[in-house]
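Below is one structure, written out as structure tokens, with a few remarks after it.
Letters A, B and C mark the chains as written, and numbering starts fresh at 1 in each.
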Amino acid sequence: MNARLAKAMINGLLIGVAIVALLPLLWMLSVSFMTPGEASSLPPPLLPKQATWANYRELFTHAGMARYLLNSLLVSTAITALALAINLMAGYAFAKLRFAGRERLFQVLLGALVIPAQVAMLPLFLLLKYLGLVNSYAGVIVPAMATIFGIFLVRQYARTVPDELLEAARIDGASELRIFVQIVLPLLKPIMVTLAIFTFLAAWNDFMWPLIVLTGQEHYTLPIALASLSREHVQDSELMMAGSVVTVLPVLLLFLALQRYYLQGLLLGSVKG
Amino acid sequence: MNTQRAAWLFLAPALMVLGLFFLLPVFAALLLSLTDYDLYALADVGNLRFVALGNYWELLHRPLFWSALGNTFYFVVIGVPLSLMASLGAALLLHSPLARMKPFFRTALFAPVVTTVVAVAVIWRYLFNTKYGLVNYALGSIGIHPVDWLGDPHWAMPTIILFAVWKNFGYNMIIFLAGLQAIPGDLYEAARIDGASAPRQFWHITLPMLKPTLSMVGILTVAGYFQLFAEPYVMTEGGPLQSTVSVLYLMYEEGFKWWNLGSASAVAFLLFVIMFAVTATMFRLSRRGDEA
Amino acid sequence: MSKRFHHDGEQALSAGRTPISACAVALSVGMTLLLMGCSPATEGSQELTFWTIGREGEAVAKLIPDFEREHPGIHVKLQQLPLSAAHQKLLTAVAGSSTPDLGQLGNTWIPELAALDALEPLQARVDHSSIVRQADYFPSIWATNLIGNSPDKGVLYGVPWYVDTRLLFYRNDLLRQAGFDHPPHDWVEWRRMLAALSSPQLGHYGILLPTNEFEPLLALALQQDEPLLRDGNRYGNFRSAGFKRALSFYVETFKLRQAPMITNVEAGNPWTEFGRGVYAFHLSGPWNIGEFRQRLPPTQQADWSTAPLPGPEGPGASNAGGSSLVIFRHSAHKDMAWQLIEYLSQPTVQQRFYGLLGDMPPRRSSWEGGALHDDPKARAVRDQLERVKPTPPIPEWERIVTNMQLVAAQAVAGQLTVDQAAAEIDRRVDQMLEKRRWILDRQEKTR
């Protein structure tokens, strides 16, 4: 095959796929600036006749979007901070601290990975009801504070920490906690960033569990609020698109800023343990 | 402080959270699925009955369970190969030495993955609107009649599959890309000297070398696609004519709409067993393939 | 506080540390003010959480300020549940003990929440109220709030807020063009009109019946003599000749292409479509009177009207629907919640509510004054209210009608015959009622 033709074909195909991938997102952005009812006309307009912030204003003044945005930020940040601390400690222990039954315990956890989280949801709701955590931020945060996947990820990475470093510190009389904080954590920084962005994105995008456990609007996260709004305002496509922008934009920007770490983590997590 | 004690202290928070909020509920779900826990029992535990395998028996005789299972399998059997093909195709394009602006394209193709399912499902609902949607308009301009994408029971699931492929292909694309980059270049060099064409190179070098990655990615994607829920919840509410009710959607409705926690737990366990059987079989097959 | 300030000041003066301690005091006062300013509730005001469902929320938000002015100690926090998710949200809230103080509740959902012991009995409050007077309410609507095995011994769990039923909206200009000078009286006449007004190839249909809404079929079914459940609501009675007649009429309307086979999601904006003449009839609730007034241009207002539902032989019954106001048992502010219920039950407030939204008031005195009194389009509602029937007051009802409609949609799509569909509904309903039968039998044994 002609090399120039091949080059044109490959790049043309890439452009085509990129358009398919991005067009819905660009369309969302464009429609969010249209006046109400504008998108439901024929031919379907691609760009707003006159861009307006009205939909966003409506969302934030009447639909309580600021509250949902804040809820999402609060819940996702809390989950990220707590899950990071807990998974780091556990992953490090599995990788570097010797104790009886370590391998078997780790095997059990890995085995539990095959259980879909939804199996636990029904009794979990009853448990949280008993603890008085239904319809609270804690109801969303607490069950997400540790993940098997996160522990696995940290363990994979922490195994590269040289044992000599830890032994040397122990001989110097450093406590285990001090070793962890002062020696291990700085070495784990890359995986910390990776795990943080993974956890944050997962928490931000999570749908089913918050849908179940959050009953009152005041605690809704963005996806729940959006799903609820979309059932109430089916005909207001412009408003819904503005809501989608508010929901998607923060995570998209976060990803763009930290994509190197995210993609690394993705590969690390998918390597057979 | 010795390491042994330190280790348990380091592990304690994680084990407590996982034990209390995951493993214990899973065990409880098994017990719950053997009872008829429902609205009446929620009001007064005295109304709770032990029904042994009654919930399972009833489910297996319920047409809706079978159609939900059928819909889920439809989604998995069509959706997973399509997703993998899209991922592999995109990875091959990105891997090609002829491709330009690779970082940009990689980011662009990956973007749908990080978006929120609910938000983008809302977008698709409008894009695929029968009357005003961009998709039907584009099809109309090349002479294809409007399709009632989300309103026709024959089209609703294909539309959701298309959505899932669009949303997810970037994820596996990255993994495939890493796999492609790990294939030694001299293999292709040797093939080229032997005069093998590009398709033959793909068939005889790329695919066999990628096989471990392919089977792992395949298993993980199957497991993920079995958990179909948010897409039908937002796009179709399970309709039309319940053609997009997935097993998990059934569990949600049974459990949290009608509060039949007993039979909903049975649904969850059946899903678990089926998922496990399917992925374990895939795992076996891929291992046997490796030995051969 | 000011007294202590002076005292502190004097002491500080004598000790020669004026600037610092004065600043500290000022700072702490400032902080207190700031904190008070931050919290939404003003001092001494109590927060009352009120859940509404669907479109009522926006309208009631406009009535609340007057209530808060009359009751300065109460701040009402409104929450709006989307209609399609309201039922599961409510049940989840009950299951999770996170219910609000008071709420709006579709009267068919009251039995369910009463069975869960989530609602506060209200009879004693009604007896002492000078505003909520039972005799003033339409009896069949009031009865839907009495829950118990026999209607005369039921416990009152709600106060009717607005009534809902199904009636017929029609385009009198289109009917006239087709040679009809009055709305249909019975099914035969209705069928003839539907046939005359449908031309599917032009995209015009006699009527819109969204296949995912149970209310139209339910209204037709309630017109029959046979009850929908039998043996003390222990078994389904959908195989009765009456229900089959209703289902046949319903299914036939689609088979004859007098109604399009679409759900309300695809129907998009039904009001403009009615205005465009896509549908000559629209079977819906009285709140649509307000919607049509608002959404159709003034020039078209003379072209549409309302009528009671035609029955199999002459004017037919319809459902006794609507929403009630309830107080949740876990509320810590039951007296305040009752004050809000009383406020919303005042005839003048109900008339305003009608003006805002078109929701029909459940008490006769509210109909006597204001815009409702001589509204020709509301007359059909009044007329229909004389012939409404409640649905069985059992917790499983929502699930039963949902399944009735799912099976009916299959019959509409041609997957089941009417007989098969009726049998299938009964099969599902009997299964759903198994637990109820067990509980009733057990109760009878212990008696």
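The rule is short, and it goes like this: a residue touches a chain if its C-beta (ideal position, glycine included) is under 8 Å from a C-beta of that chain, and two chains touch if they have at least 3 such contacts.
If you're wondering where the values come from, they're calculated on a predicted model, not measured in any experiment.
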Between A-B and A-C, the pair joined by more C-beta contacts: A-B
Most distant chain from subunit A by Cα centroid: C
Cα-centroid distance, subunit A relative to subunit C, in whole angstrom: 38
Whole-Å gap separating subunit A and subunit B, where each centre is the average of the chain's CA atoms: 17
Residue numbers of subunit A (touch at least two other chains): 40, 125, 212
Residues of subunit C whose C-beta touches two or more other chains: 84, 92, 95, 265, 268
Two or more partner chains touched - positions in subunit B: 131, 256
Complex contact set, residues of subunit B against subunit C: 36, 38-40, 42-44, 47, 49, 58, 130-131, 148, 150-151, 153, 237, 239-242, 256-259
Subunit C-facing residues of subunit A, complex: 40, 125, 128-129, 132, 134-135, 212-213, 215-218, 228-229, 231-232, 234-235
Touch list for subunit C against partner subunit B, complex: 84, 87-88, 91-92, 94-95, 112, 115-117, 211-212, 262-263, 265-266, 268, 395, 399, 406, 409-410, 413, 415, 431, 435, 438-439
Subunit A contact footprint on subunit B (complex, rising order): 1, 3-4, 6-8, 10-11, 13-15, 17-18, 20-26, 28-29, 32, 90, 93-94, 96, 98-100, 105, 107-112, 114-120, 122-127, 131-134, 137, 166, 170-171, 174-175, 178, 198, 212, 216-217, 220, 223, 226-227, 229-230, 233-234, 248, 251-252, 255-256, 261, 264-265, 268-269, 271-272, 275-276, 279
Subunit C residues touching subunit A - in the complex, by the definition given at the top: 49, 54, 79-85, 89, 92-93, 95-98, 100, 265, 268-269
